[in-house]
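Shared between the two complexes below is subunit A, which pairs with subunit B and subunit C, respectively.
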Partner chain A sequence: MASTNCWRCLARPSQRLLLAPASMTAASSNPTSAAFSTSTQLAARSTSGDTGMSRHIRTGKRLILGKKKRQGDKHKTPGPGERKAFRKRIQLSNDNALVVPGLAELTAQNVVDPGAVGQVVGIPVDVVDQLRTCEAFKSTQNWGLFRSPHMLIRKETVDMAQQLTDAVAKKETLRMVVTGDRGSGKSILGLQALATGFLNKWVVINIPEAQELTTAATEYSTVHNSDMFSQPVYIVKLMQAIHKANGPILSQCRVELDHMQLPISVTRNMSLAALINATKEPEFAWPVFQAFWKELLRPGRPPIMFALDGLAHIMRVSDYRSPAFELIHSHDLGLVRMFAEALGGKTPFPNGAAVLAVCSRGNAPILPSMDKALEQAAAIQAGAKAEEVPLRDAFYRKYDERVFEALRGVRVLDVRGVTKHEARSLMEYWAASGVLRLRVDEKNVSDRWTLAGGGVLAEMERVSLYDIRATV
Partner chain B sequence: MVNVFGVNFHERKFVKKALESFYGLGPQTSARIMAKYTIHPLARIGAIPHKTATALTAELSTMTIEMDARRIVQDNIKRLRDMGTYRGRRHAMGLPVRGQKTRTQTETAKKLNTLERGGTSSRI
Partner chain C sequence: MSAKINPWGSVRSLAIRTRPTRSCPGRPGALTAAAAVARRGLTHDTTTRPPSDDASIPPPSTAEYEAKPLEIFAPNFLNAEALAALEQAAAGQDMYGEDGEGLKFGMPERPGKHEQLQDRYHPVIEQVTKLLMRDGKLSKAQRHMSLILNFLRTSPAPKVSPLRPLLPGSPPASHLPLNPLLYLTLAIDSVAPLVRVKNMKGMAGGGQALELPEPLAARARRRIAVMWILDVVNRKKSTGSGRAQFATRFGQEIVAVVEGRSSVWDKRQMIHKLGTGARANLSHPAVSGRRK
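This part shows the complex of A and B:
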């Protein structure tokens, strides 16, 4: 039974009765109207000149069926590559953050000084430029919260920098793998190593993301008369980064060898900077890069620092396929092989070198071979006897011999959480920058340090920087 | 625009997509062709050298794709019909061939089961 109420204005028939008692007789004397509809009744009343009846004019929105007229899109859609550029942008300064006065700058001396452990130091401007060129800063790191890039010198930093400089001073090769828990600061340690290299005027070559090389996302091509594959477009990019970051050092070195086989003309009075900048043609990139590498390995050149982030990605079979449609092992890619041979100690460096491989935990494939090789290397480093070195699993067949070869005899640096002393100076820096609104005292530092699982840096940042409401 | 096998493709188009746009060339074959010419899976057609584009055209012209592939399918259907088999008749009627019910849900059969299966027009 349909309600006789007007559903829009909630007027009741009783109220209508009160308002116009005369109208009831007219309504009841109209037998033709259906009981469930009031519209004909209302129409009848209006035509009969019954003005005493309160009429309800239905206003407001009406249902309109059919196609809506589309409003033109006022927002401009981002152009090709714009979204990615926004996602990957590196912001190194923030004008809203406070200037922290009285902090020292990073120098080649204080990075190896055990007394500097626990200090927060600024990165010199020219080193910042060099680090930015070789893509040492990552978009996941919180550089954009502070006025200028500063970093904490921790115990591991001094330890690593000392090993690097000692080895290079003795014209030896230091081959090191940085491992550690997720968010413990491995990539920052790699950045500090690169900064050490730049401050000591070494030739720094950095591969910022190893997965770019092996996930089949960049061009590759066969190399003539060899079983290797080159990645020409990536190598052109890398050569330009090397030229830009190491230009002054490279321009002091002259070409010493004859490079008859090169497609470009290289003369003896050319500098190495000119050699590496000679071509932007992807076709010539790999031979020119090989020539540059050969020149760098001549005696009397500056020391080399060769670093890579995301080691696990180059210790597996890549996603590329050979013309015979077989998967290519990462070590068959030219640049990766170059790094793997340097890390495995096959390349002789007469001028001293530091080969640094940084592992990543957030984004890494599970590789039993690499885990076992690093376990063995760590045991040997700790002074284990030959029979105490952990053995391979006898029932696992898929161990990759090339991985063991590439990691033979490397030093392993295990990064863990920072100490409370280091955590305190870092929190003082955050507080002075105005990001952390909290009194930095023993209790609060201890609080954060414990919340962060024993000073794991990324977790400390998470509990201190991200959740500002909880700290106010 | 890059011309491969008589068809113009936009530079931003994936090589994989461009290859698979030809009738009778699927993911398996396109992956093999791309590996043969060392083109990585995410390559855009504008990024491959001119030489490789020509080589791709030469490679495709030796393969049974487009009209040749269509003709094989259509000939098979035609043979069934000419023999007067049930399958041939069902194809001619545009109905399911393999004993499915026809009360409902024969859209796919209506779409595909014709004598001119795969269409008659070529991209080339």
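This part shows the complex of A and C:
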């Protein structure tokens, strides 16, 4: 539709003619077609067949009896899973953000280097792919605001990475629980641990959300001749993620045991990558995964990193029901029991391993058993004597002994806020990316650091990246 | 007895000693500098004695008159502070002494005389946030606002249509995403109507309403534009879920406005047409007050 009025002002065409006659003369002096024509309507009427005489002329005023028909929704309804996909979508780059030059990349060396504390480093592209495969990035994190994924190496990162690599180098098992306040960066620390594992060429197995296992959201079935239950669909997904993320390492290892009981044929010259990729059938998933786990625990294999996010969800009674309609404890689920035994130190790892459990504070049930077990573990780690370790509440009956067993002797890493030095380098990165429009000086850093409750990272992001104050 | 002078509000008190002082232990330099200020001469001989008939008291001899020494400020800390402030002012420095002595980051800025709590946000941000608010949940609306700004940050630079020009002097489209506030303001201000049409009941005669165009102030223009955008957004079906879905719909509509795809432009055009037509009514006798 041609506009008669000017878009910006209220001038009419006649006035525009007066204002700028030169531009309009060609069109106005030599009209090539009529401004108004009924020929198309006449043509349409003649081709449609009827003469137009018998049609009701006052169509708009026809009497309508009965109920009004509701018009169907013209919009396309979202397909199944589309809305959830929108919610869970993970975007790792923003083409509008500026490239920050001069930042180093994460390597196996600088993640254990105390001199690198306070640096913002980029994640290498192949590690990004591996982390994405094992779902280490979460949709609540702000990766999508920046040009490419970068992360801050903080003191806890170096501390944790050193403990991991030292234990693995000595072929020991490091069992660690990461706790801390809400939004203090526990999941990012878990991501950094996974990245350390990938950079050091360990076999990395990650359970990204523990609550997917215990809230009765995935299928489960009984395991033959055992009291356990397996979650076949989830395990198929997990095996594919393991295969995709660790393919090059697993393809160098050969199968060493005879797996006669497996429903698929496994030969000695198969690689472990082929073994884990052998089946996509849910009913074969749990036996194959168990065989893969047994193979991994043979001497001479690469070290293992087994990580889980949302520890509290697997330390309680799950929402699943047994055939007798009794609630199933989470540790009776096959995969969860595998993790709980590894965390509790019951599984021997001859090649060295790192078992990492990350707590979540925003979404976690309140579990007195887990709190007490972690409290005791933290006290023992701090060097408390046997009589100084905090005792259980004598009047509380519902302590769960299996939780205490699963958390016996773990190391506890308590994550707090970052220091001002780390906060400054992070804010400099944000400002250099063009997302934070603020002069980064000591005053502003201190301002945001204080507003964030002493450098709690999520709060710093909230007061810096989600700020609606005018800073332009 | 000491008198107070108070030249400025912040120079809290300046006490002047009228009796001669014994000694001034504190700041000799300050006192000599202040002597010029103290030389008023009014407090010297303001009292008059009635002449007494009693001869036993000799009349005061004029020959022995001694000029009283200059009055000097009492040596207390208040005066010392005030004098220091005056000296600073004389030296052309800030009299209030707010250079932040003892403070790590200096004094915070004083709020201006007319500043209010509401001035914390940019006017556009504040207005749009309050228009997004439902059921009085301002915090949720602010969350929406920040998600909208982040949507604009992450969406690709718009392709501005030449058919629907934006405000003159607008920056190139590639500059917009990293300045989401400007992006939002530009979209709203560009699509905001210039006039509204007021219906004067029965003034056209015969019970008919007389339509009169009326210019709008900036805030009202923005309000109308945001309400139009919100109409479109609320009619649009959501294809997502979660907390970002409203912000995404709103942000998409803002992008559509800047790219000239939005149906809000048609509303603006309709209002402008109506207003242009109704301009004729401004010379109506009922409005202008003239007779035919």
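Here is the rule we go by: the second predicted complex is superposed on the first by the 394 of 472 C-alpha atoms of A that agree within 3 Å, B and C clash if a C-alpha of one lies under 4 Å from a C-alpha of the other, contacts with A are read in each partner's own complex, and residues count from 1 in each chain.
Just so it is clear, a residue touches a chain if its C-beta (ideal position, glycine included) is under 8 Å from a C-beta of that chain, and two chains touch if they have at least 3 such contacts.
None of the values given here were measured: they were computed from a predicted structure.
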Message = Per the contact definition in the header, classify A:E82: touching subunit B only (first), subunit C only (second), both, or neither.
response = second
Request  = Tell me which partner A:S322 touches in the superposition: subunit B (first), subunit C (second), both or neither.
outcome  = first
Query = Should A:A97 be classified as contacting the first partner (subunit B), the second (subunit C), both, or neither?
reply = second
Request  = Name the contact category of A:V435: first (subunit B only), second (subunit C only), both, or neither.
outcome  = second
Query = Given the touch rule stated above, what does A:F229 touch, subunit B (first), subunit C (second), both, or neither?
reply = first
Ask   = Per the overlay, which chain contacts more subunit A residues, subunit B or subunit C?
value = C
Query = Touch check for A:Y220: first (subunit B), second (subunit C), both, or neither?
reply = first
Message = Just to be sure I follow: which residues of subunit A are touched by subunit B in one complex and then by subunit C in the other one?
response = none
Query = Given the complex with subunit C, which residues does subunit A contribute to the contact?
reply = 3-5, 7-10, 12, 73, 75-78, 82-84, 86-87, 91, 94-98, 144-145, 434-435, 437, 442-443, 446, 465-470, 472
Message = If we count contacts the way the header does, which residues on subunit A are in touch with subunit B in the complex?
response = 80, 216-222, 229, 319-325
Message = Please output the residues of subunit C touching subunit A within their complex, sorted ascending.
response = 104-106, 120-122, 125, 129, 142-143, 145-147, 149-150, 153-157, 164-165, 168, 177-179, 181-182, 194-195, 236-242, 244-245, 248, 269, 272-273, 275-276, 279
Key: Residue ranges of subunit B touching subunit A (in the complex, touch as defined)   = 12, 31-32, 34-38, 40-43, 47
